[in-house]
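Shared between the two complexes below is chain A, which pairs with chain B and chain C, respectively.
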Partner chain A sequence: MAVVLLGVFLLLGGCWDNRSIEHRAIVLMIGIEPAQDGLISVYFQVPTSQALSSLSVSSSPSSASPATYVVGGVGKTVAQAMTQAQAKSSGDLYLGQVQEIVLSSQLPAAQFEDVLDFLARIGPMDKTSYVAVSPDPIQHITQHQPQEGLLPALYLTSFFSCRHCQEVYLARTVWDAEQHLQTPGMSMWLPVLRDHEANFRIDQAALYRQGQPVMTLTPEQTVYLGYLLNATAKASLPFTLHGAPVSVRALRSRTATHVVPEAGGVRLVADLKVQGILDTLPPGEATIANLRALEIEVSRGIAAQELTLIRSMQRQGVDPVGFLAPYLWQHQSLMPQANELYRNAGVEVRVHTRIIEVGDVL
Partner chain B sequence: MSGRISIGQFATMLTAAYVASGIFAFPRELVAHAGPEAVYAFLLECLAAFFGLWLWFRVNRIHPDAPLSFAPDLLSVWLAFPALIFTLVLHVALAVVVVSDFAFVLHSFFLIETPLIVLQACVVLVAGYVAWFNLPALARTIQFLYILAIIVTVMIGLLLLPHITSVYAVVPTPEISLTPLLYGAYKGSYLFWGYELTVTLYPFLRPQDRAKAEKHAYIAMAITFLFFALGYVLTLGVSGPELLVREIWPGVSTMRLVDIGTFLINKLGLLLVTFWGLFVLTFVMSRLWCLAYDVSPLFRNFSAGWYRGMLLFFGAIVLWGAHSFPTPVQLIAFAQGFLVPTVLIFNFAMPPVFLLAGALQHRRAALRTSP
Partner chain C sequence: MPRSRAANVPSAANSRTTHPSPRDVEGNASRLDERLNAYLADLVAQGDLGRVSGSVETAEGRIRSLLGSAPDLVLRRIRLGFAPGRPTLLVYIDGMTDPDMLGATIARLLDGGQESSLPGDFASALQAQLPLGEVEREDRWRQLFTQLLSGTTLLFVEGVPAAWMLDISKLPARGVGRPLSEPSIKGPQEAFNEVLVTNLAQIRHRIHDPRLEFETFRIGSYTRTTVALAHVQGLTNPDLVLAVQHRLEAIDRDYVQYASEISPYLHQHPRTMFPLIRSTERVDWIVRDLMNGKVAVLVDGDPFAFTLPVGMLDFFQTTQDYIFSAWEASLVRLVRLVGVFVGLYLMPLYIALFSVNPDLVPTKFVLTVAGARQHIPFPPVMEVAVMWIIIELLREAANRLPQPLATTLGTVGAVVVGTAIVKAGIVDPIMIVLVTLSAIGLYTIPAYEMGAAFRWMFWIMVIGASVVGVYGIILVSVGLVGYMSALETFGVPYLAPFAPLLPQELGDSVLRMPLPWLRRRPVTNHPLDRQKSRPPETPDPVNLRDLQGQGPS
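Let's turn to the complex of A and B:
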């Protein structure tokens, strides 16, 4: 029996799966875009051994030599493209450490769904890897070196992992994308990644309908979508009070949505509880009555913007908030007409704002 | 292979004999077939498990000191022998499914290049090694491993609470359709496969402990129900119903999301999945013990040597069976197509036969003794 146990320890040592670090090409970022003739291009961004060494001693990679290199392949499927890329790399392309996946906004719906299916079926692939979409050439994105000196994928990981660092928390993982793609009454959305001067710019959301981006929100619209998704962390919005400009910052919201059945359809209800900090107000104007008036003004302003946004999403047939998802789950017979139900639904937005801080001046 | 076990060991061993059968796939079939009524289907299958356990305890009381797997005095040889074969086939099939399933999990997520047979052999060998010794030693091992695995699972599972996005799917629906509810409960009934181990285990209790042991077994089943209820909320709430029904191992897929960036082992959820190997081991070791012991009435002098020989024999069969499934697709088809109805027949059709035979035997004995 001791022999049996010894055998078990030896067999489970993982020798079959062992690759020395020199033989591994640890992929940190994957970029995918459509190629000619219905093919698909895949780029794998791999850190150089020097960059990896510098990470292990907690210093930034040297600016003299590139921190990463990119190997790419083209094929009918992602797997075929990966096989071609593998032929160009001396190391084993290892996907167990992928931090970021950037998809082209030009990917056709069928290719997009193939990509997500491929990602879902790779066992070691981490489902918490971040996903973004970009209208820029993907090869260029994967070769971009951020000014902050971090490896590009690590820069993006740092960007997306901080919930309260950005105006809107736009992080989406492979898991989120899979879940939204499968859920009836829920449209997928992804952050838009743009190559911007020396850094990336990420302040917009792309809304998908069945694997195809049909609407890219402006940064302002993205803030309002963020309120509906409880993802806006610290927006600053301008308002007017008695004709004078005022501003409220750190505006965040707790939003609950539900559906009310009505004759011939449903009504979508969004209930926003907003709070913010008074940013600018003319001196001497910080009275109870003025604060109350400002709260009403903020509520009105946000409600109007939300209503416009929801109506425009209805016209496009996209519902990133998932208003209808709970209702469809309970009323499965309505699934076939879900799109029609959403497009024709009435909308009600209720906003209740509270100013919770005024600073230390009146 | 001999010796008495305590009340706690009985309850733990009995519970450990069924937890592994469902932990990886639960609650896929429930949600896929019962839809919004899945929560009611879950409650129904739990009630059915309590009822099934109650039935087997009634059967155990007919001959509390002898295993009922082969009972010619109760059923006649013509019925008892097929009943024994049925029992053996069932236990082998259960062990095969659990070994094969866990090997697929290890192979898909951790040891991709390692041959499946190696992973399957490791599970069978370790389980066989623990079952090699007497029953109290086996019971003590199971008691330690099982309770440890439950506590760690609950602690790490709670870290998934912030990931819940589909609260609506967990909330019970006010509208109930009976057909999907019943079908979901039937298809998801694998959750409690294995409590029939009591047939073999019961005689090892001290006579004065048996009534209390039954109560403890019910309490342990109630705790398991709560454990799976938590699993239901977490997997369904995190995955959402549509994604969940596409996952082969919903529990594993969900647990993989537990990620503590600042902790030494950031992928704590994946570590937990390897811990679930303890559930698998306790399941297989109790199953192998049961198989080797169940055939004892067929031998005139069933020695420790015979027991170990049988252990090796059944271990080899389980390994061969587990290796005969090339992918999880065939395994799921086998479990759903063959094992679900078979276990249901075993648990709800066999006990009435035994109980009827016991009542007849009792009546005959009463007639003989009456003047």
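Let's turn to the complex of A and C:
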């Protein structure tokens, strides 16, 4: 009996498929873009053995040799493309350490959903890999070497994993994207990744409607979206006080949203509690009354910008904030007309600002 | 002159191939004749083959017939000073008798007045002439031979159907040394030695109480080794003492040299790889256990004694834990626990994470390891096997060498082999770090016997990890805990006080609370008196608070 159990354990344990880490091609980044004739191109970024060796002896990789190489494949599905790419690699393409997935903004909605579905079904792949969208050629993005000397995927991981390092925390994981895609009353958004000189540039968000990007926010709009999402960490906005320019920095907010039913529809309410640091005040202007006036000025400015942003998102029919999601959960019968309900909803933005510190004046 | 047995008795190998010569047959027949004559003399005189007849001649013949070829046997005829007409025979084993005491004894026997001038019968008179010390009279040959071969001197006097056993033995022994296998920075530095009497005296020296009891057993049909069972009456549960007594009496062996030969007979799991008996050479450890309601077993000839019953925790504790402060002792115990986990899990985790489940490792670490393993020809499990075999070889070789050489071998072996094997590309540098940490971790276990069990567990863990990764480690761990929780000795669960959970015992487990808080003996030993210390019954004259309310208001 013991021999049988041991035999079954060994045969079914899966140990025959085990490959030690050095025999695997560790994929750190996957790039996906549409190819001709409705096909999909998939690129796998893998660190070179020189880069790995340099990591193990704590030295920076040689600038002469690239830190990564890219293996690509084309197919009707991501799986087919991956099979083709596998044929070009001596190691087993291992997806258990994928850090970044970059999707082309040109991916049609059908292919986009196919891609997300595939990513969700790959067993070893971590569902917390970061996802970004790029309007640039994906092969070019995957071959990009950041100036900081890190492996590209590690650069992006460092960028996305630090919540308070960036102006707006734009990290989106596969898990988040799937969740937003499937939740009624909520639109998916992804950070936009661009190849910018020696590094990547990530300061915009792309808003999706049913797997298709319909709106790419400007960096300023992205900051205001960040306030609604509680994701803006250290924005800096210019204002004027009695005609003189002043700057409020480290602005962050705690935002609560809810929906108020009205006759013939609903009203979307965003309640922002903003706080920040005033850099400095002109000489003689550092009074409590002036601070209060500035706080009101900041509140008005943010409220106006937020209102404009929400109105534009309503026009496009995208709701990355998920104003309606809890309301629809409680009123399931309104699901079919959710889009119309959102587009026609009234909007109210309340902003309460508090200056918690005044530079070197007080 | 004692004859050499080798000269007369053909070896076992020769007896198979050659027939005994007529001369050998003649010699054997002669010895058989001598022995029969001696036996017949006892039988005629006493009517019992097993008792002394009272004839010195017969006694000498009987001893010679049995031990005559022993080169260290001394049979000496003397003339008693107070009874010169009675032939007297002194028998002892050379080298096991104190020569000064022997000289003094003989001098007293040769001296003395007339037999008729002494009061009482002859036996009492002789007893009065013997030196102070342990003197017993015995007429059974079996007992006499056992005592003689244990170092006792026998005195036969013509006409007395018994012999006197004079305890003037001085067994070859080293002095009381330091506990080399269980060193301690502070506290007593006293270890047992090979002489049981010395060991018992060392315990007695620390427990000045008549309730400390020793009971001796003779085990081994050839060696007749003395085994002592120690316990404190009124503390130790009598059921435990009775159970150990019965099991000691039931041991059927032809020889016993070591305490470890007895221990498997005392518990119900002789096949388990986990030690169920904690052996020690430290006197203070035995005394501590006795005071906690355990029994101790000491074997003559072995400086390692053991106590019963024990649980898993006993193997992770040292006497040093009770010498240092609670903070220090607790820290040391935590370090040992970490050491065990590192020793047991570090390398299996390495195998599991880098062979089976690399998705569980942080990316930077995976890349670093992958870089280090770029040109390694073997999978991690083979690397572990190679390195562990090297470690075990070095350890075993160091055990066989004198201390200075062992240290050199360890250092040179570790440095040279470690460096060379990495340069040769057989293992990666990370493996060297892991092997070193694992080895150090497992050697933090104070009890050597438990270290061996964990080394076996380590290999089972490695196999589990290499087959099914982290899941295998969890599977083996669950099995390990399940198995250990089923073990028990004398009713004490092996994993107590964690399984079953005994909150009142946790104060002296992974952490060690301050000693005044540990007021009770472990309940797992079922001691008769659980209270270690009692509150003072009379007010402390120094403590003014006790006196409050007693003075004039």
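In this text, the second predicted complex is superposed on the first by the 343 of 362 C-alpha atoms of A that agree within 3 Å, B and C clash if a C-alpha of one lies under 4 Å from a C-alpha of the other, contacts with A are read in each partner's own complex, and residues count from 1 in each chain.
Everything below uses one rule, namely that a residue touches a chain if its C-beta (ideal position, glycine included) is under 8 Å from a C-beta of that chain, and two chains touch if they have at least 3 such contacts.
Quantities reported herein were computed from a predicted structural model and do not represent experimental measurements.
Contacts of A:S53 after superposition: chain C is touched, whereas chain B is not reached. In the overlay built on the shared chain, the residue A:E22 is in contact with chain C alone; chain B does not reach it. When the shared chain is aligned, no partner comes close enough to touch A:S104: not chain B, not chain C. Legend: residue contacts after superposition of the two complexes on their common chain; A:P184 is shown touching chain B, with no touch to chain C. In the superposed pair of complexes, A:W175 makes contact with chain B only, with no contact to chain C. Of the two partner chains, neither chain B nor chain C is touched by A:Q45.
Look at A:S253: by the touch rule set out above, it reaches neither chain B nor chain C. Contacts of A:N290 after superposition on the shared chain: neither chain B nor chain C is touched. In the overlay built on the shared chain, the residue A:S129 is in contact with neither chain B nor chain C. Shared contact residues of chain A, touching chain B in one structure and chain C in the other: 14, 124, 126. Residue ranges on chain B touching chain A, taken from their complex, read 35-36, 108-115, 118-119, 121-122, 125-126, 128-129, 132, 165-166, 168-169, 173, 175, 239-243, 246, 253, 256-257, 259, 261, 267.
In the complex of the two chains, the chain A residues touching chain C come out as 9-10, 13-15, 18-22, 24, 26, 28, 47, 49, 51-57, 94, 96-97, 99, 124-126, 151, 153-154, 157. Contact residues of chain C toward chain A in the complex are 354-356, 358-359, 363-364, 366-374, 376, 379-380, 429, 466-469, 472. Those residues of chain A lying in contact with chain B across their complex are 1, 4-5, 7-8, 11-12, 14, 16-17, 123-124, 126-128, 161, 175, 178-179, 182-184, 325-326, 329-330, 332.
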